[in-house]
Amino acid sequence: MEPATPSWLPEGKTTAFALTIPVDCETVVLAEGRRFAQHPLPMSHQVYEIQRGVPRLLGMLDALGIKATFFVPGWTLERHPQLVEPIVGAGHELAHHSYSHRPPTDMSESEERADFERALEVMAAFGVTPAGHRAAYWSASSRTLDIVAEYGLRYDTSLMGDDSPYLVRRRDRDVVELPCHWILDDFDHYAFLPQPRIGRNVEAPQTAVGIWRAELDGLRRYGGLYQLTCHAFLSGRAGRTLALRGLLEYALSCGDVEFMTCGEAARRALAAPPARPRAGVTETQ
Amino acid sequence: MEPATPSWLPEGKTTAFALTIPVDCETVVLAEGRRFAQHPLPMSHQVYEIQRGVPRLLGMLDALGIKATFFVPGWTLERHPQLVEPIVGAGHELAHHSYSHRPPTDMSESEERADFERALEVMAAFGVTPAGHRAAYWSASSRTLDIVAEYGLRYDTSLMGDDSPYLVRRRDRDVVELPCHWILDDFDHYAFLPQPRIGRNVEAPQTAVGIWRAELDGLRRYGGLYQLTCHAFLSGRAGRTLALRGLLEYALSCGDVEFMTCGEAARRALAAPPARPRAGVTETQ
Amino acid sequence: MEPATPSWLPEGKTTAFALTIPVDCETVVLAEGRRFAQHPLPMSHQVYEIQRGVPRLLGMLDALGIKATFFVPGWTLERHPQLVEPIVGAGHELAHHSYSHRPPTDMSESEERADFERALEVMAAFGVTPAGHRAAYWSASSRTLDIVAEYGLRYDTSLMGDDSPYLVRRRDRDVVELPCHWILDDFDHYAFLPQPRIGRNVEAPQTAVGIWRAELDGLRRYGGLYQLTCHAFLSGRAGRTLALRGLLEYALSCGDVEFMTCGEAARRALAAPPARPRAGVTETQ
Amino acid sequence: MEPATPSWLPEGKTTAFALTIPVDCETVVLAEGRRFAQHPLPMSHQVYEIQRGVPRLLGMLDALGIKATFFVPGWTLERHPQLVEPIVGAGHELAHHSYSHRPPTDMSESEERADFERALEVMAAFGVTPAGHRAAYWSASSRTLDIVAEYGLRYDTSLMGDDSPYLVRRRDRDVVELPCHWILDDFDHYAFLPQPRIGRNVEAPQTAVGIWRAELDGLRRYGGLYQLTCHAFLSGRAGRTLALRGLLEYALSCGDVEFMTCGEAARRALAAPPARPRAGVTETQ
């Protein structure tokens, strides 16, 4: 079977590769309890992201000529404002990732709305108007897509209902959902922190990248969106950065893989929506 | 040692390969709590099965000429009726997998019976009379096999007492047990959902398929039933489908492996029951 | 470095390979709660051991000419008396593994003593006087070795204080401790049962055997006792049996590995106790 | 990109390899509950460290000519005084690792200070003045670095804020932080003890060493400190020692990797502090 070019991709391309980099920083730890601000180990574990992880990943992306999408909570932007220029100045996309990195499913409607707006205000202070949004922990509430539509963002990326982009109609607007998946998240392979209990994952970089490459080759066969999520405090470790670089170089060499930011993927999907194999989409999707 | 053909298999064959595909869909999430209907992430994670997973697997099976057995809860059939035609029309078997996908060990006798009958009714409305049954979560109660026998089904596939089919006498009838096993279930390798907490598995497709192939080669040596369970919301992901395809192509190339539906395996086992190596079967098996 | 022959081994040998096979059968499940006797899935999972696992392993050992040590709880012997003849008749060792397979650390002294004696009585009824003992779950109490010495058994195999046999002085007698270790137990790689929650392990046979081979090669370098524990309900699965066979064939081919039962290992260690690298053994070891 | 020599390393070297060996011994078990002193299994599991693990690792390091840093709690030194001479006499560094191996985050200030001082006293009785400190479980409290500075130690190694050494100013002194990380700790790959529940890790040595080598190659690319933590009760098992030896031999063969004790790494980092890629270090790091 010769894979066809999906409607929303350039001729000859089977797969859009959107590399996304959340910069959750200390929010991951502080969301588990304010007391952890007094625990040097987990705090230093997250600050690594700023000290070493983001610079290292930015350097690698620059060397490879790839533009990524950075999802940075408002809290991180306020705490580490020096992050913005190197990201935006290098042509990467900066997108909405909540203010406090608490899951919307744990918030009331007014809390969620306030948190959403506060993040927009922080971004505006840096001159950034985000094109899209990702819920903290991908834990969108039943209201999240309404809010995304209401504030005029073009896309959301928190759901898993397909492996191609799909349109969700909310408030008389089409929001593009750019689906994600656990497979393509370094958190489930690399996150290790016993207290607070963030994770117990110490997968080999070779194994994680092997899983990611298997999914990339799968999508190249069937066509779709390959959205990889790499946290700078995880994938910014030296051996993991090298392994990720190997995957990116492989993708660049494929010929049928097109790198793009989430913003561009959403623009393309709106202009020429991908076909879905059959109807039956449920209400809550 | 030259492996002999088991009594119940065609001449020259060592192993029956029964590919089974449960289509649990949203029931997996809703059985953990009705409130999750309001959580877009887990709901979209399950709806993927309908949107993409089942069509992709059906396409692959069609390309390879393999007939599978689909275990679809009654609830799924009611919610996604468009599923039936592509499955039955392509010659696959549709079998009984409860109505609500709650484990029988958690139900009273009257609840279990009502759930069992309701599933039969839904299937009848689609013109389907199931030949066999699989308990939700393989969690048969001490009554389940009685009920299966009472309603005249030919086989059950929820137990693990052997790796060849075996007969269980209930209500004066022989029910064929087609044993399953955790090794050959993609759930334990691939299921990942933190809330509700369905699983934390993100095994590499290469590793999962390596385990499955090791067991296939083992059964080819000793003879028996190879029953593989692949959920469409898990194995329907692109890279996993490709890896599964590789396993199926390998099995097709072996020469001594015969693909068959569970219904056919049960018919064969009833006609020429496999020998068991020794007596001592306990009551509860 | 040329590894020397340890004092207790035949000339030219570096490593004693003692394959041990517990036959815990339903006790593993019933020890978690009597109610599970009514759950067909876990009961069938354990009965597999009798139906298929033990016969398959016995057949393989016969083909390779290897004698193993079977640790069978008294309860299992009463429930499945047909087990004894194929094991003992083939020249394997049958050893003491408690009556009820409850951990001694959870029993009072009188309970532990009664359970110990009851197992001896059951074995005596089959004409067997055990040379050694393994605590259920390796969970010896502070009294266990005293009891082993008191009843005149030659060895125990429940502790991990070395990787060569060592003598423990109790009740004016030397009991040989044949140390075990988690690495060399298939339970930690293969045991999977969610209810009762026995384990969540579905390791690839290649991986498990790779770990076992790494440890074997390590002991061949340093010299010592390689005691491998394989449960028939786990390693008796087809693919795992084949993988285990590969390991055994490798060990047979090494030349410096001597297969022996635990009884023989203990006899040798008593006759020519291995040197320990330094003093400092603590009281509780 | 040609990796440059970091300021603090000898010309032509990219990476400092500091092998660290904690000798926690029974403290790991006793910190979970004094009652476990009566459980022979976990106690023997830890005593293995003294009986076999430390001698085996010392022998290997001697053969390779590598000097390591041993972090030994005061309790271990009192209980197993015979440990000191073989370590110090062979030229390895003996460093401060608390008295009781309880995490500082669980202690009051006076408890932490008393525990810290008691360890110093025990070491002094052996004629050892430690140059550096590692918190038990890497769980430094917000006071720990102050105490380290106050007692005049040159370095701490409990945090993860970078993968090069960095200076932390406390009490008007610069303390060198030699950052560690979970990736490079054998505990997370090998620690297995169900009761007390220390861990459930039985990773293949090949896999663990593969992860370690990936990180080493990453640091060789980017330059930094490679601090590997191997417990003698874990990495002193035969197959794991052999695998570790393979990694050390690889590192020795690289040419750009310099082995050194933590003390030497700290001296170098104080003399020519490594550059950090950007500012923004937070208070709590």
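Just a few scattered comments:
As written, the chain order gives the labels A, B, C and D, with residue 1 at the start of each chain.
We adopt the following convention: contacts are C-beta pairs under 8 Å (C-beta built on N, C-alpha and C of every residue); 3 or more make two chains touch, one makes a residue touch a chain.
It should be emphasised that the depicted structure is a prediction, and the values quoted were computed from it without experimental measurement.
Chain centres were defined as the mean of their Cα atoms; on that basis the chain farthest from chain C turns out to be A. By the residue-number overlap criterion, the interface of chain A with chain D counts as different, with under half of its numbers used by both chains. Think of chain C turning onto chain D: fitted on CA atoms, that turn is 90 degrees, to the nearest 5. Taking each chain's centre as the average of its CA atoms, chain B and chain C sit 35 Å apart. The set of chain A residues touching two or more other chains is empty.
Shown here, the protein chains touch around one cycle, each chain meeting exactly two partners.
Interface residues of chain A, counted against chain D in their complex, comprise 26, 37-41, 43-45, 47-48, 50-52, 55-56, 63, 79-80, 82, 192-193, 195, 200, 202, 204-206, 237-243. By the touch criterion given at the top, residues 1, 105, 138-142, 144-145, 158-163, 179, 181-183, 188-189, 207, 210-211, 214-219, 221-222, 224, 276-282, 284-285 of chain D touch chain A in their complex.
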